[in-house]
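Look at the two complexes coming up: chain A is in both, with chain B in one and chain C in the other.
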Partner chain A sequence: MTDREKDRLLNAVGSRISLRRLQRASILILLFVLGAVASAKSPTFLTWYNLVDNLFTNAAAVGIIALGMTFVMIAGGFDLSVAANTAVCSIVLVLTVNALLPCGPLAAVIVALMLTAIVGIALGAINGTLVAYVGVNPFVVTLSTMFVFRGFGLILTQGGQSMQIASLTLRRQFTDWLYDFKCPFLGAEYQISMPIIVFIALFLIGFYLLRLTRFGHYIYAIGGNEQAAWLAGVNTRLIKACTYMLCGFTCAVAGALFLANATTAEATSHMGKELDVIAAVIVGGTPLGGGSGGLVLTLIGLILLKVIENLLTQFNVGAEYRPVVTGLIILVVVTIDVLVNKKTRQ
Partner chain B sequence: MNINKSTRFAALVLLAVLVLPMLGCRDRGTRNRQVGFLITLDHPYWHNMRLGAEDQGKKLGVDVTVLNAREDPVLQIEQIKEMIAKRVDIVCLAPMKKEPLVRGVQMLNEANIPVIIVNREIGEGCSYVCFVGTDTYSGAVTSAKILAEAMGGKGRIVEFHQHLGSGPELARSRALRDVLKDYPAIEPVARIPHRGDRDFVKTQMQTLLQKFPDMAGVYAHGDNFAIAAAQVCVNSGRTDIKVVGMGGSQEAIEAVKDGLITGTSYQQPEQEGRLAIELAVKYLNGETLEKAYPIECPPITRDNAHRFKGQF
Partner chain C sequence: MTGVSKDFVGVRALDDVDFDVRPGEVHALIGENGAGKSTLVNVLAGRFTDYRGTIVFEGKHVRLANPRQARKMGIAVIYQDLSVLANFTVAENIMLGDEKASRYLRKMDRASIRACACEVIDYLNFDLDPDRRVADLGRARRCMVEIAAAIRRNVKLIIFDEPTACLASGDVDKLFGVIRDLCNRGLGVIYISHRIAELPVIADRVTVLRDARVVGTREIADCKIAHLTRMMLGHELKEVFPIKTNRPGKVILKVKQLTRAGVFEDISFQLREGEVLGIAGLVGSGRTEIARAIFGADKSAGTVEIGDTVLEKRLPPLSRNVGIAMVPENRQTEGNITQRTVSENINITILDRLSRRFGFLRPRDCTRQTCRMIKRLNIEPPAPGRNIRNLSGGNQQKVIIARWLAAESRVIIFDEPTQGIDVGTKAQLYKLIIELASKGHAIILISSEMLEIAKLADRILIIQNGRLVQQLSGPLDDETQLIDACYSRGKSK
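Moving on to the complex of A and B:
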C-alpha cells in the first residue's frame, strides 16, 4: 500500500466518523436550540408539568413501541401493524378484566395483563413467522396484518363500541396504578409518572439485550448482512421472528398504558401511530435497511418529534400545518443521512 | 474534516425552517386569554365550526388553539393534557365519545380549568360550565318526520348510521326509533354503518336495492351519505325512493332544490363555534350562564330550500 493510498483510507475513515458524529450531534443541537428558544418565548414550556407530566408521559407509551420497532428495524425488518396490535391489546385487556371481575380486582388485572402480553406476543409472532419463515416481504405482511388486527378489534368490540372496565372503582384504580401513580423523584413537587418508569425499565432491558447479549449482536449482524450471518451459523429466522415478538410485547405494554390513561379501548384508536413510531426510529438514525442504529438514537428521535409537536401546541400553530412540519423534519433528517452515506462511500 | 456542502445546507435549512417561525411568534408577556378548542376536523362541518370559533376569537381578542382529535378519544385525552400544560383559561370540548371523555373533563376539573361542552354530549361524573351545540336529536327527528311524511307513512326503509357509539349516532338512531312509533307501518329493514365514506355507501346501496326491491326510503346520518344513496337510486331508475339526510350542507341544499334528495335538517356549525367562544369569554368575564344552549335545526324541503344558505 503506498502512502497516498493509506492517506486516502485514513481520510475516508476520519471523515466517516466526524460526519456521522456531526449528524448525530446535529439532532441534539437542534433539540437544544428548540428548547432554548421555546423557553424564552413561552412561559409554559419549561415547566415540570409540561415537560414531564405532559410531554414525556405522553411520549412514553409511543416510545415503548418505538423500542420494539428499533429491534425489528435493526434486523432489517419493518412493522406497520403496531398501532393495530396496540388497539387489540387494549381491547383484550378490558375484556379479560371484565370477564375475571368476580375473581377479585387484583387477580383480574394481573391475569388480564399477562394474557394481554401473550396476545401481543402472539400477534407479533404471526408477523414474525410470515416474514422470517415464509419469507414474505415485511411491508406486505405487516400491511395485511394491520388490516386483520384492526378487524379483530372491530369484531371484539362489536363493530367499534367503546370498551371500558365495567367496575367504576376498578377503572379508577387501574388508572391510579398504571398511569397516575407517581414516584417522588426530586421531592414531592417533582415526580415522575408510571409510564415514564415503565419506559425507563424497558429501555434499560432493551439496551442490555441489544448491546450486551449475543442475541443483540446477532440482530445487528442480520441487519448488516443476513446471508453472512446465516453462513456464520446464526439462526437468522428465529432471531428475526423474535424481534417481531418483542415488538408485539411492547405493543401490549403500550396498550395497557393507553388504556390506563384514556380509560377506554377503541378498535379504531391510534390510527397513524405506527407511522409516528417508525418516524421516531428513522429520525433517530436507524436506517430502513437495518444493520445499525440503537435505542439511544430512537429515544433522541422520539423526543425531537414530541418536542416539536408540543411546541406547535404551545405556539398555537394551526392543525393543518402540523403534519407538514413533522413530514419536513423526517424528510430533512433522512436526506442528510443519505447525503452523509453518499459522502462516506466516495 | 470535510463536511459536505449540501449536508451543511440541509442542516441550515432544517434549523431555519424550525426556528425562524418561532422567533416570529408573539412574546407572551402580554398574554391574551387562551381558549383551547378541542374538536375533530374529519368533516367539513367541523372546519366551519372552527372558522366560526377562530373568527369570533379574533373579534373578542382571545387566542383560540384548535386541536384535531381525529375521532379518537384516546388522542383527545392526550390533547387535554397539552391544554393543561399550556395553562389555557378555558377549554371548549367536543367529546369524541360520551363516556370515555369523562376522565378528560375530570382532569380539567382538577386543574381548575372551566369546560364548555360543544356539539356532543358528555357522560356523568364530571362538571362543566354549559353545553352549546346543535340539538342533534331534534334535528334528526325533523329529518325522520320529513321521510315518514314523504313516504305516506308506510314502506320499508334503510338506515345508514355513522361511528357507532358516538353521540350523534346514538341521538339520530334514537330519533328514528321515536318517530317510527307514530308510523307503525314503516319498517326498518337494514342498518349499515357508513364510516364516513361515500363510496362505501354507494356499494352498499346497490346491494340493498337488489336485496330489498320494495325499499321505499333511506334515512342517512349525514347529507353526504344521503346524496350518495340517492345517486345510486337515480342510476338504478328508482327515483320513487325517498331519501333524507341531516346537516344542511350547501351540496345538500342544492340536492333538495334539484329533487335528488327529499329533505334534510339545517345545522349551523359556524354559529356553534361562534357561540361557544362568545360564551367562553362571557364566563371568563364573570357572567352567569344557562346550563344549555341548544341550536335549533329547521327542516329543509323543496318548498323552502331557496331560503337557506349552507354553512358547510
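Moving on to the complex of A and C:
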C-alpha cells in the first residue's frame, strides 16, 4: 500500500467514525433538546409524577417486548406476532388463575404466571422453529402467526369475550401490587412502580446476555454474517430460535403487566403494539438486517418516542396528529442512517 | 493426506478428476472461467454433497456432507469474497465459535479470547492488531484474519481461491510469504489463480483443468509458462474465434475525463461505428465501473458524447433513448428479469413503442416482436412464453442482447458476456459480436478472458487502478502481451 492510499484510507476511517458518532449522538441530542424545550414551556413535564409515574410506567410493558425484539432483530430476524402473543398470554393468565382459584389465590397466581411464561416461550418457539430450522422468511412466518395467535385468543375467549379474574379482591390485589408498590428505600413522593422495576431487571439480564455471554456474542455474529458464523461452528439455528423464544418470554411478562393495568384480557387487545415495539428498536438504531445495535439504543429509542407522545399530550396536540409525528420520526431516523451509510461507503 | 480423487457428474462440472495434495506443498490449480476450479473447491469445502467418486483425507476415506464437517476435518477455504465479520474485532473473528465462558454465570471471557488470538497471531508472525475492527482493515489483512482463524482450528489443508485477484503488489508479496510459511509448517495448500505468471514464485506443482477435465499435472520446475497457457486454453478455443469482418467508421462515442472519485480517474477515449473496443484490466481495476458510468448506472463526472449530443445527465433511461446499451456483468442479478417470460424480457426496453393508446399492450404485437428477435439471434428454444429461468446461460445472454437490439442501440457495452457459458455458445456469441460490429454497431467489450479481448477487439484499453495506462491496437495473436500490460505494475507509477 502506498502512502497516498494509506492516507486516503485513514481519512475515510476518520470521517466514518465521526459521522457515525454524530448520527448516534443525534438521537440523544434530539432527546435532550426536546426535554429542555418541554420543561421550559410546560411546568408539569419535568416532574417525577409525569416522567416516572406516568411516562415510564406506561412505557414499561412495550419496552419489555422491545428488549426481546432487539435480540431478534440483531440476529437479523423480525417478529410481527408479539402483540398477538401478548394478548394470548394475558388470556391464558386469566383463565389459569380462574381455574386454580380453589387452590388458594397465591398458588393460583404463581402457577398461572409460570404457565403464562411457558405459553409465551412456546409461541416464540413456533416462530423460531419455522424461521431458523425450516428457513421461512421471518416476515412471512410472523405475519402468519400473528393471525394464528389472534385466532388462539378468540378460541380461548369463546369468540372474543372480555375476560376478568373472577375474584374481585384478587383482581384489586394484583393491580395494587404492580402499580401501587412501595419501595422501602425510597421516599413517598419518589416511588418507582413495579413495571419499571421489572423492566430494569429484565434490561440488566438482557444486557448481560447480549454483551457478556457467548450467546449474545453469537447473536451479533449471526446478524453480521450468518454463513461465517455457521462455518465457524456456531449453532446458528438454535441461537436464532432462542431469540424468538426470548422474545416470546418478554411478551408473556408484558401480558401480565397489561392485564394488571386493564384488569380485562381480550383477544383483540394491543392491536398495532408490535409496530410500536419495532419502531422503538429501529429508532434506537438497530438496523433491520441486524449485526449491530443494542439494548441501550432500544431504550433511548423507546424513551424518545414516548417523550414525544407525552409532549404532544402536554401541548394538547390532537390525537389525530400523533401517528403522523411518530411515522415522520421513524422515517427521518432511517433516512439519516441510509444517507450516512452511503456517505461512508463511497 | 495421500490422495484426493473424484468424479463429479450432473452438469459435468467436474469429469473424472484426479487431484492430490501432499503436506507441505503448494499445489496450484489453474484453468479458464468455467473449467471447474470452483466446483472442485466447493466439493472439498463440503458445499456440493452430490458428488461421485472418492476422497481420501489423511489416509481415510471420507464423505464430505456439509461445510462444517469439512472444517472440522481440517479443510479451510479462503474465498475471494472474504467471509469475516466486519463489526467484530480481529481477535473476535479469529476465535469465533470457540469462546470460553465462566462456570456459573456463563460470562464470556474476553481476556482469554484476546490472549488466544494474540498467541495465534504471534505464532504466524502476522502484523495484526487484535483490537482493530475488521471493517477498518484492508483486503490483505482481512485475508490474514481468515488464515489465522483457520490455523487456530487446526487446519491441515488450506485452499486459496484467487487470493491475489484484488491485492496490490506489496500485499501479494506479503501473502506469498505467509503461504510459504504455512507450507513449512507442514500444511497442504491448494492455490487457485488466473495469473500463470505468479505460479513459479509460489507453487510446487500445478494442475491444469479444462472443460471439467484434468489436462495434466506437472512439477512447476519442469514446465514453461507458455506451455501451461497452451494446456489451459487448449487448441479448440483458438478455432472458436470468427474472422473479423468489421470496419471501423466514423466516431460515434466520445468519453472525456470520466471520473468517479476513488474508483477511476480521467478516462478519455473515442469509439467508432463498427469498432470493437476492448477494455482489459484486473478484477477491481475499475473496468465494470467505467462501463456503468458511461451507461449512467452510477454517477460520475466528465462528459460523454454520442453522435452530436452531449449527455449532460447520464441515467439508464436516457442512455436507452440515445442508443447506448449495456449487457451487464452479472446475468442473474442485473440482467434477467427472473421468473418472467422471454417475451417480457426482450420487450422491456421498448414497451413505450409497443403500447397503444392509453398504454394498452397488445399481446400479439409483443409476440410478433419477440419472434423477430428470436429468429434473428437463434434463441433456443424459440418460445416467447418460456420462463427465462429455463433457458441456458448462453441463451439468456442472447435474450438480453435482443432487448437492446430491439431498442435500436448504436453503442453496446458487453461486460463479461461469456462468463459461465460453454465453449460452443461462446463461439456463437463471438460471431454475433463481430456481426453486430460489421453492421455498424459500436461495441465495448470488457472481459477477464484476455484471449477474448485479444482476438476480437480492434483497439484495447488497459486499465490499472482506475487509470487508463495504455492503448494497444488489435487484434492480437495471443493474450500474452495483454497479460503483461495488465500486470506491469512498475510502469503505472
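Everything below uses one rule, namely that the second predicted complex is superposed on the first by the 342 of 346 C-alpha atoms of A that agree within 3 Å, B and C clash if a C-alpha of one lies under 4 Å from a C-alpha of the other, contacts with A are read in each partner's own complex, and residues count from 1 in each chain.
Heads up, the rule we're going with is that contacts are C-beta pairs under 8 Å (C-beta built on N, C-alpha and C of every residue); 3 or more make two chains touch, one makes a residue touch a chain.
Everything numeric in this text was worked out from a predicted model, so none of it was measured.
S.K.: Judging by the criteria at the top, classify the pair chain B and chain C on chain A as clash or fit.
M.R.: Because the two structures are overlaid on the shared chain, the partners are seen to fit without clashing.
S.K.: Taking the superposition on A as described, I'd like to know which of chain B and chain C A:343 touches: first, second, both or neither.
M.R.: The answer is first: A:343 touches chain B but not chain C.
S.K.: Examine A:156 and indicate which partner it touches, taking first as chain B and second as chain C; both and neither are also allowed.
M.R.: Neither partner.
S.K.: Counting residues of chain A touched by each partner, does chain B or chain C come out ahead?
M.R.: B
S.K.: Name the contact category of A:228: first (chain B only), second (chain C only), both, or neither.
M.R.: It touches chain C, and chain B stays clear.
S.K.: Once the two structures are overlaid on A, work out the angle chain B-chain A-chain C from the Cα centres, in steps of 10 degrees.
M.R.: An angle of 120 degrees, rounded.
S.K.: Could you look at A:220 and tell me whether it touches chain B, chain C, both or neither (first, second, both, neither)?
M.R.: A:220: touches chain C, not chain B.
S.K.: Report for A:95: first if it touches chain B alone, second if chain C alone, otherwise both or neither.
M.R.: In the superposition, A:95 touches no partner, neither chain B nor chain C.
S.K.: Quick check for you: in the superposed arrangement, does A:314 touch first (chain B), second (chain C), both or neither?
M.R.: first
S.K.: Looking at chain B versus chain C in the superposed three-chain picture, what is their shortest Cα distance in Å?
M.R.: The answer for the closest chain B-chain C C-alpha pair is 16 Å.
S.K.: In the superposed arrangement, what residues of chain A touch both chain B and chain C?
M.R.: In chain A, no position sits in both the chain B and chain C interfaces.
S.K.: For chain C, which residues are in contact with chain A within the complex?
M.R.: Within the complex, chain C touches chain A at residues 67-68, 71-72, 83-88, 92, 96-99, 101, 105-108, 136, 138, 149, 168, 170-171, 261-262, 493.
S.K.: Using the touch definition up top, name the residues of chain B that touch chain A in the complex.
M.R.: 1-4, 6-7, 10-11, 13-15, 17-19, 21-23, 25, 27-28, 31, 41, 63, 65-68, 70-75, 77-79, 81-82, 84-87, 97, 99-100, 102-103, 163-165, 193
S.K.: Please give the residue numbers of chain A that touch chain C in the complex, ascending.
M.R.: So the residues of chain A touching chain C come out as 1-2, 5, 8-9, 13, 208, 212-217, 220-221, 224-225, 227-234, 291-292, 346.
S.K.: What part of chain A is in contact with chain B in the complex they form?
M.R.: Its residues touching chain B are 11, 14-15, 18-19, 22-23, 26, 30, 33-34, 37-38, 41-44, 47, 49-50, 53-55, 57-58, 159-162, 164, 175, 258, 261-264, 266, 268-272, 308, 310-311, 313-316, 318-319, 325, 328-329, 332-333, 335-336, 339-340, 343.
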